[in-house]
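Should a chain be cited, it is by its letter among A, B, C and D, assigned in written order, with residues numbered from 1 in that chain.
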Amino acid sequence: MKKVYSDATAALAGLLRDDMTVMCGGFGLCGIPDELIDAVRESGVKGLTVISNNAGIDGVGLGKLLDTRQVSKMISSYVGENKEFARQFLANELEIEFNPQGTLAERIRAGGAGIPAFFTKTGVGTKVAEGKEVREFDGAQYVMERGLFADLALVHAYRGDTEGNLAYRLTARNFNPMMATAAKVTVAQVEHLVQPGEIDAENIHTPGIFVKRIVHVPVREKRIEQRTTRKRAEAGAETGPAAAGGGAV
Amino acid sequence: MAWTRDQMAARAARELEDGFYVNLGIGIPTLVSNFIPEGMSVQLQSENGMLGMGPFPYEGEEDPDLINAGKQTITALPTTSYFSSADSFGMIRGGHINLSILGAMQVAENGDLANWMIPGKMVKGMGGAMDLVAGVKRVVVVMEHVARNKDGSESPKLLKACDLPLTGTHVVDMVITDLGVFTIDKKGEGGMTLIELADGVTEDEIRAKTEAAYTVALA
Amino acid sequence: MAWTRDQMAARAARELEDGFYVNLGIGIPTLVSNFIPEGMSVQLQSENGMLGMGPFPYEGEEDPDLINAGKQTITALPTTSYFSSADSFGMIRGGHINLSILGAMQVAENGDLANWMIPGKMVKGMGGAMDLVAGVKRVVVVMEHVARNKDGSESPKLLKACDLPLTGTHVVDMVITDLGVFTIDKKGEGGMTLIELADGVTEDEIRAKTEAAYTVALA
Amino acid sequence: MKKVYSDATAALAGLLRDDMTVMCGGFGLCGIPDELIDAVRESGVKGLTVISNNAGIDGVGLGKLLDTRQVSKMISSYVGENKEFARQFLANELEIEFNPQGTLAERIRAGGAGIPAFFTKTGVGTKVAEGKEVREFDGAQYVMERGLFADLALVHAYRGDTEGNLAYRLTARNFNPMMATAAKVTVAQVEHLVQPGEIDAENIHTPGIFVKRIVHVPVREKRIEQRTTRKRAEAGAETGPAAAGGGAV
């Protein structure tokens, strides 16, 4: 059972068709399967529904598929750091379904784990709950959300073995592990391709059962969206832990 | 004399307790990390999949694989752990984070919060904000007391009811503005209470700039 | 001349395909692992949290932390990965396992399966059986064709309808007994079909020992 | 914030009360928090509802709490490898709620992740679904199951650091990670207590946020329920991979 393919184009051969649903790992530009995205672009496949937390930036990551108008719908939590995205969205050329980030993550996890629906308190009383069942459990209100399952998942990992076992690096893990479980076919691009046994069995983040195809993509340029640093001179003075989050605002 | 951004962050830091796990939003909330008291153990969670966030890296040591939820390059600590987005939001939704400090466009006297979209403007999405306010045990908002409009006028942000689309209902426990501090009995009938004034700010000034009803219980 | 336990296991092994991920129940299904064809890659899942199960350990090399779902000591392989019970059953429920081979007390002609409790007797629980039959893509039952009662009589196990409490409804794709092999159109209207006879077994013998209705389509 | 306690009794001080609900990690006797169970026994606390996949064997693990009649209800998937258990159960002295193993695991995971209820196809049309909502999604039937959340979770890990970060060993992981997330207070017994940073941050299975108290219990005798081996002489002949599973039968 050979899972290893020679390059991204070969790894996607026979898997792409118009109007399919594709999950794409990554948070911002961190941990995105950029080489696989490039291969999707080159294939010319159109009308894609893309499930991804973000939509890349102009000319990088999913931004490349927006430029070529291959995406018709995004299911995301935070987008628009991308002029072409904004243009298409405002021109009604692109549909967008916003999901709270945790709901999106859980919907994908549920889809991969055979859970068709679950209840969450996230979004109760907001636009997110409109048209959805809201139900009380133990005195609190929860909204029902559905699992997500795609035709294809594209993920990025730091290390992968020929059996398809994957390990991610630092915060490049993000949405990749759940997406790997939630599609008919999962294709992984890995920075380091190793033999079975080289990744510690207790520290395999995605077991090989979830990965049908794997392609070795030695590191290319990894982009940084917000380069924040402290100066060595200042160290310890004004620079406590760097924190950010909370989505919008 | 209203509080500066740093003073607001310092006031928010007084809500921290030893052993707390905290999620800080972007903007002023990020500054709170500069005011964690010496000797207090506070672990910062970043919802993209990290617990135990360290400071920004030294120049030249940025790692594209190590970012926070604001997509800024950061560093790790000895206590750090990494996990998936599903596990991260399980942690948030499951009520395991002690405190979330975040910004807001509007807060209502019942604890409703709006901070993700303005109809008619480009909507970027709610990111993790809805999950955080719904899931974290205690939510502290840090924001300017009023919004400054393009024509120079000011609009109150502490309202009877939010008119912007909501991020969450009955979610805010405390609001720290440049003018003072309010508590909100978000699940009960206690409403909003003004508990502190910023240095040199008067009750009258706050009254004039606040639409929400509130009681006054200054220390 | 019915099939032996090993012959039944060997027949079940013919349902394996290269690249399959398989969960084997205790008893005869366990023996299937002895008949995986040379050169075929089959990874065995153990629902307590392991993929890529190796053989039993050599004497003296048993590790109490390394057991299968039958609580037997086992070993790992280079392909092995470990995970939690939640992740393990996510894998099972999510339809990622290609094949489950397990034993049964009763199978009905519509694919219903009973294998976890006998009313009035001590009930030990269903363990992972309900999850496996509901979640795994293809379910093959390997069992004796009839139950031997204490008084020496025999009761059919392939029934029109199970009378024991069910483990799952419309879940069995194939039944391999000591007398032959049946397929079941579990989600459709095709019912049960006898497709193979064990060596020296006649259709008449099967007919006499089977309550379920079935068509015959021997190769 | 000191999380490390000197021994199991100290680690449970102030946490135990009659009629509480306790989750207890482990599968069979593998990965059970045996020293913490001993401390519960010594405390004399009664009327416990215990959520655990199994119920130990006579005189080992939860069997010890059954011997002392401290347990009034078990929520489990497979029990009765224990004569005292069977006796109490048949005498109606002990209540038992059977859950399919995967449903039990998912209910615990849901409880820890703020999910009050979810749908699963496991158990549809069986006794397990009786009295529960069954609903159709995309043409298939699913039963609604509720999240589980306990007053106290007792877990066992191989390594733990003073921050509460845990890593499990081999199949001793099982139910421990979910249970660690699904209780008001989680107490972990660890075989090796280390300093923060000693467990690779990418391979921490349970982040410290979930663990309130930790106690170092250097390895005691780990029991084996089914000692199965192959003889060196026979190696390779009759002994393919050892497989078992499928619960009952």
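Keep this in mind: contacts are C-beta pairs under 8 Å (C-beta built on N, C-alpha and C of every residue); 3 or more make two chains touch, one makes a residue touch a chain.
This one's a predicted model, so the numbers in the text were calculated from it and none came from an experiment.
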Legend entry - Intersection of the contact lists for subunit B and subunit C: A, D
Inset, instruction - Would you mind checking which chain's C-alpha centre is most distant from the centre of subunit A? - result: C
Inset, instruction - Write down the chain pair with more C-beta contact pairs when A-C is set against C-D. - result: C-D
Legend entry - Between subunit C and subunit A, distance of the C-alpha-averaged centres to the nearest whole Å: 37
Legend entry - Distance from subunit B to subunit A - Cα centre to Cα centre, in angstrom: 27
Inset, instruction - Starting from the mean Cα coordinates of subunit A and subunit D, work out the distance between those two points in Å. - result: 32
Legend entry - Residues of subunit A touching at least two other chains: 106, 109, 113-115, 120-121, 168-170, 173, 201-202, 205
Inset, instruction - Could you list the positions in subunit C whose residues touch two or more of the other chains? - result: 45, 76-77, 82-83, 89-90, 92-93, 135
Inset, instruction - Any two chains that touch count here, so list every such pair. - result: A-B, A-C, A-D, B-D, C-D
Legend entry - Touching residues on subunit B, where the partner in the complex is subunit D: 18-19, 21, 41, 43, 45, 51-52, 76-83, 89-97, 135
Legend entry - subunit A - residues contacting subunit B, complex: 27-31, 53, 76-81, 86, 89-90, 98, 100-106, 108-109, 120-128, 158, 168-178, 205, 222-232, 235, 238-249
Legend entry - subunit D-touching residues of subunit C, taken from the complex the two chains share: 22-27, 29-30, 32-36, 44-50, 53-77, 82-86, 88-90, 92-93, 100, 102-105, 112, 115-117, 122-132, 134-135, 165-170
Legend entry - Residues of subunit D touching subunit A in the complex: 106, 110, 113-121, 135, 137-138, 140, 142, 146, 167-170, 173, 200, 202-203
Inset, instruction - Using the touch definition up top, name the residues of subunit D that touch subunit B in the complex. - result: 1, 109, 111-115, 161, 163, 165, 181-182, 195-197, 201-202, 204, 207-210
